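Two complexes are shown next, each including subunit A; its partner changes from subunit B in the first to subunit C in the second.
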Partner chain A sequence: MKNSSSYTGIAYLFLAPALILMGIFTFWPVGYNAYLAFNDYSIADGAATWNNFEHFKYIYKEELFHNALKNSLIFLLIVPVIQICALLLAKLVNNKLPGMTFFRAAFYIPVITAISIAGVVWVNVYKYDGILTWFLQALHLIPQGSEGQVDWLGNPAIALFGVMLFTFWRGIGWFMVLYLAGLQAIPKEVEEAAILDGANAFQRFWKITVPMVKPTILLCSLMSTIAAMKILQEVVVLTKGQADTYTALFYVYDQAFRNYNFGRAAAAGLVVTFFCMILAAIQFRFFGEKK
Partner chain B sequence: MAMGKQLRTALAMTGQYAGLIGFGIFTTFPFIWALSVALSADPSNTWLFPRSFWPTDISLMWFKRVFDDMPFMTYMKNSTWMTLQTIVGVVVLSILAGYPLARLRFPGRNFIFVAILATMMMPTEVAIIPNFITLKHMGLLDTQLGAVIPNLSTAFGIFLMKQAFEAVPQDLVDAARVDGATEMQILWRVMVPVSGPSIASLAIFSLVNAWNDYLWPSIVISSKEKLPLAVGVFNDLTGPFATSYSMVMAAIVMTVIPVLIFFAFTQRYFIGGLDGAVK
Partner chain C sequence: MKLKKMLIVGAALFAGVNAQAADTELEFWTMNLQKFSSYFEQSAAKFNEANPGLKAKWVDMNWDQIQPKLTASIAAGNPPALVNFNVPWVHEFAAQGLILPIDQYLGAAKATYSTNAVKDVQVKGQMYAFPWYNSTQIIAYNKDIFAKAGIKAAPKTFAEFVAMGKQIKAKTGQAAFAPKMSDMVGFFYYAGLPVVTDGKAVFNSPKHVAFIQTFADLYKAGVVPKDVFKMAFEQEIAAYNSGKIAMMTTAAQGLKRTETDSKAIYEKTEVAPFPLDAGKLNLGSWMMDFVIPKGTKDPAAAAKLGIFLTNDDQQLAFSKVTESTMPSTKKANLDPYFQSGAKSTDVVDRARAVAAKSMDNARTLTLTPGTLPDETVMVKKLQEEIQNAVEGRKSVKDALDTAAAAWNEKLKK
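Then we have the complex of A and B:
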């Protein structure tokens, strides 16, 4: 038998293609982004000139960026909503009922649809005379007739929530499946014993389900938080940043590819990265330590 | 007492189905609406609810119009080609990288694994600017390869394959070693054949991701004839064709259907493959 160190060469050989590509397109960009944040980058000749903290000073004072950051933080409200709903939904589809495969697939359709295509439909759902208006009017939740018609994505007071609902619609099936996998790992006997002891459904959910899927909850809420912090494509396909839906990463995208100010965009990107790291650390503390 | 229990069970069942159906309507109504509008020759009901949820004058004319007015087949071909490249790349790279992380002991192993996993927690969207510059230097802007290449090495794929290879019995590996197999042979003749389900689910995941990728191809590719479906159709629908809702909906249905058919046949692997990633 060979000793372990003789595998070093072959191990690195096997890892090389993946690591090289990841190095170029994932690790290097994170470092280079930090470098760009302190430079003026010229898209024409690729020259970067050092300009200290000018980009940071600029965005620190800029209303547009403040607002974008604020919108991104508001967007985090979606995280607990989507996680609680996904866990409850997973609990529901974990029951063996006729037709369950069909329902699981139906809940998964938004996940496997291109965001751009789903976005085109939802823009029409949100039109002032679209399905949402009709539905809310049918429930008498908003005034009837043209009085109640709202351009849901065009109204700055609510457009961001419109983007959130779209995110919820697209994301819940994904998290449902992750929780489903977590639920199926719980031994049947535990639940059965609790039923014998007379625990009701609510008690079983809190005392058994939640503690047993805690690792999945951490994973999902972490993914969900980072996803919410870096909302970008949803804004691109739904509103293009109109009506107060400018998020922090949309600012990055907009500065880079509309204004070609790569340095300022990189600085904003660095700020977003920083926020993501803080939020991840908070969640590890919150879910990770106390059993 | 027996009656009471039966009644409770019936009530619970009804409640569960109500929840399932209600939520099913929530996730599918945009597509049902799109399908109905696309199938209706007469567009006058499009904005009349709930009337628009069933088609009037069923005809395929709007679907035909999509083929005639949009370079739909070109987009389709581009998506197919780019998706194929992505699947092959992701699967091969993940298999190669997953094996040493799962089965070989070597210095730096833990560090490399943690570094790969950490990318799952980073907001990698900030990479769009440096990657755009890198592709410019490589001369890959406005190429399909440029849209594909940053997606080939994924933490998710490597992680999934590592989990799969860890589950392979050591006896199989030992037997192959006794027979004098090289590591490459062990990987392709022992590990890969018994990890079929995980490889299938990784391939399916890559397919759906690549087929649906929007933002990055929209940044990299500028020539219309090189665009994949998710970008080309979006650009056309929000641009020149935005006036005919029937045609917009027909194009949407046609874009969604290939993925749906594919998903119908593979959903067992698709959803099953996630178990390994969570446990």
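Then we have the complex of A and C:
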């Protein structure tokens, strides 16, 4: 009979390939990014010159970065909304009703649609004389004619929310599928017992479904928080960062690939990573397993 | 005997392999020119024939791939011989030391390029690119809308252009044009207004304020579409092709799109030169070129290919293939081909003739490289403030003062 230490050794052996890949593709880039954040890096000759905290000092004073970070943090508003909606949607499509397979597929289609194509469609939805304006005017929610036409992605007061709605549309199907998997893992007997005990639908959802899908909620919340903090593609295809939709990752991209200031980009990236870690810690505190 | 034969065949094969290995491969990348593949394949073959030992190899890629792929290939120490760039990229990469100056390789070829083309790719007195095909903007207008608005001739000055826009909106209710508002620095140069003088931002003078106020007034009156700040090349063509705007400022190749996508509008289209303003420079000229990346194996051979691809004959041949681009060499630009279509029934032919006549004023209007310490952030700030002003969220003076203060804060560091 093998002792526990040899089992541990075998476990690490199984983990080794994944750990090696994570080391190469996750930990090393993060570490190198941290190193670059304290250096001036020249792509011309690959030389890195140590410059202490200069990049951090710069972005600390940089109004554009503050605004970009603020926009990224505002973007986090989407996290609870998308999680609640995805869970409710998963609960809905988990029922054995006619046409549910169609709805599951329909909600998932935006996930697999190329962002560039989805972006073209939504730019037309958001145009000042586009579908959204037409729809709201048809419902008499905004003034008729050119007076009511709004450039939804051009107005700084609302453009970021327009991008958030697009992200919501693209992301909800993905989280719905994850919640669906979580819901289907709940043993039927538990729900049946609750019905026999006289629990109504709301009580069953709140007291049984939510606690039992808590690990899925944690996973989905973490994923959507990180996705919201590093939002970039959606902004690029819809607004190109105009109308106060410039996000922290956009700043990182601009500094690295348009200004070629890789050190400053790395410093900004490190700040974003730091925020992600704090937010992840908070979520583990709320949704993680209590020991 | 058998062995002798084998040795001879073996030696011949070895020699062949050796000769093959001795060829210097010169890979050259172009940007979104796949549909002209036969031109590039023939050009490469012609170059290879005239230059034994050198082997040009053409690779085409999307415009958004070129920069990251080049950066990666330079970092990996394996860049191509030549890369197709636009003028702003030349300045960016030259400032970073990622491309090589080419004067030492040019010799007599330098004199063949037009003066403005040379200026476009000069950084600190040195040329960093081989000037290639060029384009400049003209006005394409919808004759029906002009007739409804009571306009009989195309505008001769920028002031007339603006007045006609207002007249079109007033008489027909339609938007008149969609200027490329995402590049106001270029607009300032077009209007002869400086941007940075003696290390200070100077774009908040009364003249600048009046210039931007013109656009704010046009926006408020609906002469330009409400989403004008988001309209780039594609959206402007789409708006013109669907009859939503009366005029578009376009290069001749833009009209090819109208011909394909909207025949009815194409048949109502006439062309005119875009009027000059105080800067005496065309608006929206955009030159393409070839650069030699740092670290390329044989820069002299790369330059040989660069000179060949951008010589008079090649540039003229390329213009004939595209039917809409202009050469950046003096001689090719004067070829009768460009004026042969002046009286043609085809609008693209007429557009080419109109554009060719204005090539003397063609410059790619960008900021002098190295002027701004944090260019992307600073240009973005200026654009945001101009958008605030034009869309009426701020007064023009306040917006330009705010942007100038932000620029000067960075410039004094």
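Following the convention adopted for this analysis, the second predicted complex is superposed on the first by the 263 of 291 C-alpha atoms of A that agree within 3 Å, B and C clash if a C-alpha of one lies under 4 Å from a C-alpha of the other, contacts with A are read in each partner's own complex, and residues count from 1 in each chain.
Note that a contact is a pair of C-beta atoms (placed from the backbone, for glycine too) under 8 Å apart; a residue touches a chain by one contact, two chains touch by 3 or more.
Quick caveat: nothing in here was measured; it's all calculated off a predicted structure.
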> subunit A superposed: clash or fit between subunit B and subunit C?
Replying inline: clash
> Between subunit B (first) and subunit C (second), which does A:F175 come into contact with in this model arrangement: first, second, both, or neither?
Replying inline: neither
> Which partner does A:I131 reach: the first (subunit B), the second (subunit C), both, or neither?
Replying inline: first
> Of the two partner chains, subunit B (first) and subunit C (second), which one does A:Q242 touch, if any: first, second, both, or neither?
Replying inline: second
>> Just to be sure I read the superposition right, which of the two partners does A:T216 touch: subunit B = first, subunit C = second, or both, or neither?
In response: first
> In the superposed arrangement, which partner chain does A:V93 touch: subunit B (first), subunit C (second), both, or neither?
Replying inline: first
> Just subunit B (first), just subunit C (second), both, or neither: which does A:S116 touch?
Replying inline: first
> Which of the two, subunit B or subunit C, is in touch with more residues of subunit A?
Replying inline: B
> After superposition on the shared chain, which partner residues are touched by A:F257: those of subunit B (first), subunit C (second), both, or neither?
Replying inline: both
> Which holds for A:F38: it touches subunit B only (first), subunit C only (second), both, or neither?
Replying inline: neither
> With the two structures laid over each other on chain A, which partner does A:T8 touch: subunit B (first), subunit C (second), both, or neither?
Replying inline: first
> Once both complexes are aligned on A, which of 5-13, 41-49, 59-67 or 311-319 in subunit C overlaps with subunit B?
Replying inline: 59-67
> Once the two structures are fitted together, what part of subunit A is touched by subunit B and by subunit C alike?
Replying inline: 46, 127, 257
> Tell me, which parts of subunit A touch subunit C in their complex?
Replying inline: 42-46, 62-64, 123, 127-128, 146, 149, 151, 153-156, 239-244, 246, 254-255, 257-260
> Touching subunit B in the complex: which residues of subunit A?
Replying inline: 1, 4-5, 7-8, 10-12, 14-15, 17-19, 21-22, 24-30, 32-33, 36, 41, 46, 89, 92-93, 95, 97, 99-101, 103-110, 112-122, 124-125, 127, 129-131, 134-135, 138, 169, 172-173, 177-178, 180-182, 184-185, 216, 219, 222-223, 226, 229-230, 232-233, 236-237, 249, 252-253, 256-257, 262, 265-266, 269-270, 272-273, 276, 280
>> For a test of understanding, state which residues of subunit B touch subunit A in their complex under the given definition.
In response: 13, 16-17, 19-20, 23-24, 26-31, 33-34, 47, 49-50, 92-94, 96-97, 99-101, 104-107, 109, 112, 115-116, 119-134, 136-137, 149-150, 152-153, 155, 158, 177, 183-184, 187, 208, 211-215, 218-219, 229-231, 233-234, 237-238, 245, 248-249, 252, 255-256, 259-260, 263-264, 267, 271, 274-275, 277-279
> Which residues of subunit C touch subunit A in the complex?
Replying inline: 67-68, 71, 74-75, 92, 96-98, 222, 225-227, 229-230, 294, 374-377, 380-381, 383-384, 387, 391, 393, 406
